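You will see two complexes here that share chain A, one where it goes with chain B and one where it goes with chain C.
What follows is the complex of A and B.
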């Protein structure tokens, strides 16, 4: 029972992390049909910005609790600034181009943004442990757990519920679904599609930044941070179905729980399990478990 | 007749010029040494940058003749060395291509560096193919000189076997009643070799201690260890062995500290020394740490002129005490100077290799004997200590430091590490 509870909590915690970073990726793909490789850069920039300011504020003797505000602010600032610059400055001019070209452009942007991180923050890692230290630890199922890690589950739930409410209970959700369903039809109905694209890209970038900013206190924030996360995010999105928020949630849960199970019961296959799940889904359901239905145009 | 004499004289002069011109090369005023190290990625801050700083500092001092005796002569065989800094990131394939480029197009005189065992493993046959004098500074896999004889390639520090045999010996001395142990190591050559050597040594010297079957091998540079820390916490094993390094090491320490892992378990970190100065109070007390030899925090109090010079100069330039990688790169550059001083700045790669092969020299913190792998692999002492935060000075220190001679923790010439450990470490002189 002890082990079961631990696996469940570990799995949920890792799933939450996966969901936060992959939700932005899948939203951007769902609405804009862009496979955004530079999503990893939003994550890295979120982590760096949060770690930098948490460290600075701590050095200035300000309360550690401010770290939580910095995390939210870092995600928003990174998402708005980078999202706006990239969407308006580059992607906007490529929407009529082939999707593969856009993927290559985002890959190029990813490399550029990684280098800018090196120029801006240097090669030394940043530490921003203060928010994690503030929340201390609790014992659950015979294992000491840091409360900060557990709050990740709450943040992911908040993001998931927020996305669901936005899509299903607001006028914005109707507009987004219309654009997802048929872009041309949306335009003919008077929807300002370029504006929807810009907001969607910024929203996705904020989620990517939030993932990095929230994880920053638990890691050594170092160059190359975004590379690992983009691989995992792709795995989640492929399993869940490209463009589906529910798919990203289920994909995260499947991968997170299976990975936790592997770590506890058969650590030798931990590395393999994430990609095995992806391969199996691709074989039997290439469009992913929850890919949105595609309309057939006549 | 006169014409014949003139013709003869001219002919003789021409022959002499050709003969002597080919036979006597000019001593060089300058040489170029390529120094690859991790300048980007998670390994850069804790490992690659200190390593590069150590190399640059020592090369600069050699150029100025500013090293303490007996190395206070100017230059590398009199030549001033310019350093080409290279990023080691990108994996083995990229590094092989970069190495070929350095040798074939940029015509460097020597290559000194490399941290990753994966890169070293990929490069070793290429070094021999291109016949380029090369010194591996830090990478740890024992396989480099055990799998094939090398002529142009050297490594000036001990390999991973020494780190893990010494760790097991230290554990035996400190915790003779230990009943079980487990490990968390990165899932590639370095992590797997490290765990294998530690586990095999424990089986030999502490047969009463059993290894857990839930030892962890997370992907390298993954940075998230929540599930692994839970699994290690639930594991009944009393001790956790880890060869984590770079950003992975620091992330693991953050996450495991927050979850009190090392309040209940003994932690043995073979590369923990690289985090000691950087993490300050965030490094838990009571961790057993190594520095992959007698380097960094383990030798901070070693009072020799060379070590004092190294520590003081590094601290003055970079504002922090030198960690293991700084020492390891520094001593590899020093080895290049010794080879050039002996063979001359105009020496061929063969002559440089002959000059370094099998020698014993004093480095900044220890004596290096190039006695394994046909005189190409260094043997040095290896040690461990226990972390403690010194509140008075606001820095980490190590207590209970113990060093084991190289002949105690490394196999004798001609014997492979695994065979040696499995055979009961015969010939070990402890």
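What follows is the complex of A and C.
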């Protein structure tokens, strides 16, 4: 029972941060049809920025609770700055090019951003345990968990509900849906599509940064951070269906729980299961498990 | 087969490089070995790229070739360069043929992603399996040639260059046959190709298998020239990205392009690494972006332009 609970909580925690990152990826894909490889860099940048400032503030003797503010600020700053530069500086000029070429361009950006991290933050790992230490731990059904990890599940739920409300209950949601459904028709209805693209990209980038910033206190923030997370979130969006928020949620639950199960019961297959699931889903349902049916355009 | 300029350039260029290799300093010979080994994989990706397919997972076949060399070396003690090379190429080819049955139904992003998934499955297995070397990989013993153990790397260099030459000639020939010409037509309009009486699925399957064989051979040669294999520099998704990068850098114009592109990449990487050890990826990435933006035809389009001006 205790093992089961541990696996469940580990899985949920892992799913949560995967979801936050993948939600950004899937929104960008859904609206802009860009498979954004440099999303992994947003994650890494978020993690580094948060870890750096949490450490700095702690050294200056400021209260550790500020860490949570830093996390949110780091995500927003990283998302807005990087998102704006990349979308306006590079991607904007590529929308008429082949989809695959845009993927490759984002791969080039990924390489560039990875190294700027090394130059800016150096190769030594950062530890920003303060927010995690602040919340201490709690016993649940005989299992001791740190509260910080549990709040991660809350944040992911918040992001999921927020996205759902935004898409289904606001004018912005209607505009986004119109652009997703038919870009050209959207333009002719007076929607400022380039502006929607910019905002979407920044929004997605903020989510990527938030995933990294929030996970930073629980890990050692070291080089190569973004390399792993980007293929994992690819797996998530492919399993769930590219461009669907609900798909990203279900995809990250499947991947997160499976991986937690593997880590506890059969560590040798940890990475293998994730990508085996991704490959199997692609073979049998290329559009993903929960992709909505596509309208046929004539 | 040797009637066009390309074949002549490949043949005489190859012979010239082999002869020059005898007097060139070691580090140049090494760079050429790495460059030509990798160029074999690029040659396969070029065939796919012309068809409009980009695989973000060919490190699977590259790694398969490299690890075949490592495993026959450690388990069976096979040191012969040709057994290792063809072993790697054939294993990768068989895998490519089988996977090709699925892959031939996929296009665009889905093709790229399914390849990534498959390569990451292999990566996941190798990283977590102690008997396959885990993250450390294996060191590989020096190859022998028909039972003779060479003292320098020059004989291996000759073999790599000759294999590269032969592969380039064969692919050049293949691209001129009717089936081989079905590249751009498939990219432009599959339905018309079907109406002309060709099976698009079969054509793509064949091209995919060819690219797998070449990537496997490239991996095997790379493993032998480096003297070691490890998952992060052979199978991880970044390696697949690197291969695609060199393909774009080279340009799809000609079978010679992959060789020039790979050499440029080797030089770029070596110099970038010496110039700024922490920023070589930055330089490589920035070059990549520049090529995508300003040189859609790759380096080859520059050479082709020069050639046209002269004549």
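The rule is short, and it goes like this: the second predicted complex is superposed on the first by the 296 of 298 C-alpha atoms of A that agree within 3 Å, B and C clash if a C-alpha of one lies under 4 Å from a C-alpha of the other, contacts with A are read in each partner's own complex, and residues count from 1 in each chain.
Simple rule for what comes next: a contact is a pair of C-beta atoms (placed from the backbone, for glycine too) under 8 Å apart; a residue touches a chain by one contact, two chains touch by 3 or more.
Note that this is a predicted model, so its numbers are computed, not measured.
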| item | value |
| --- | --- |
| Superposed partners chain B and chain C on chain A - clash or fit | clash |
| Touching partner for A:238 - first (chain B), second (chain C), both, neither | second |
| Touching partner for A:285 - first (chain B), second (chain C), both, neither | neither |
| Which of chain B and chain C A:90 touches, first, second, both or neither | second |
| Contacts of A:263 with chain B and chain C, given as first, second, both or neither | first |
| Touched partner set for A:125, first chain B, second chain C, both or neither | first |
| Touching partner for A:222 - first (chain B), second (chain C), both, neither | first |
| Touched partner set for A:276, first chain B, second chain C, both or neither | second |
| First (chain B), second (chain C), both or neither touched by A:108 | second |
| Clash-bearing segment of chain C relative to chain B, given 128-136, 182-190 or 272-280 | 128-136 |
| Residues of chain A that lie at the interface with chain B and also at the interface with chain C | 118, 123, 267-268, 270-271 |
| Complex contacts: residues of chain A adjacent to chain C | 35, 37, 90, 93-94, 99-101, 103-105, 107-112, 114-116, 118-119, 123, 227, 231, 234-235, 238, 242, 267-276, 278-279, 282-283, 286 |
| Chain C residues within the chain A interface of the complex | 54, 56, 102, 106, 108-110, 112-114, 116-118, 120-121, 123-125, 127-129, 236-238, 241, 244-245, 248, 278-282, 284-286, 288-289, 292-293 |
| Touching residues (chain side chain A, partner chain B) in the complex | 2-3, 6-7, 9-11, 13-14, 17, 118, 123-125, 127, 129, 132-133, 137, 142-146, 148-149, 215, 218-220, 222-225, 228, 259-260, 263-264, 267-268, 270-271 |
| Chain B to chain A touching residues, read off their complex | 39-42, 44-46, 48-49, 89, 187, 214-219, 221-224, 226-228, 230-231, 233-234, 246-247, 250-251, 254-255, 258-261, 263, 278-279, 282 |
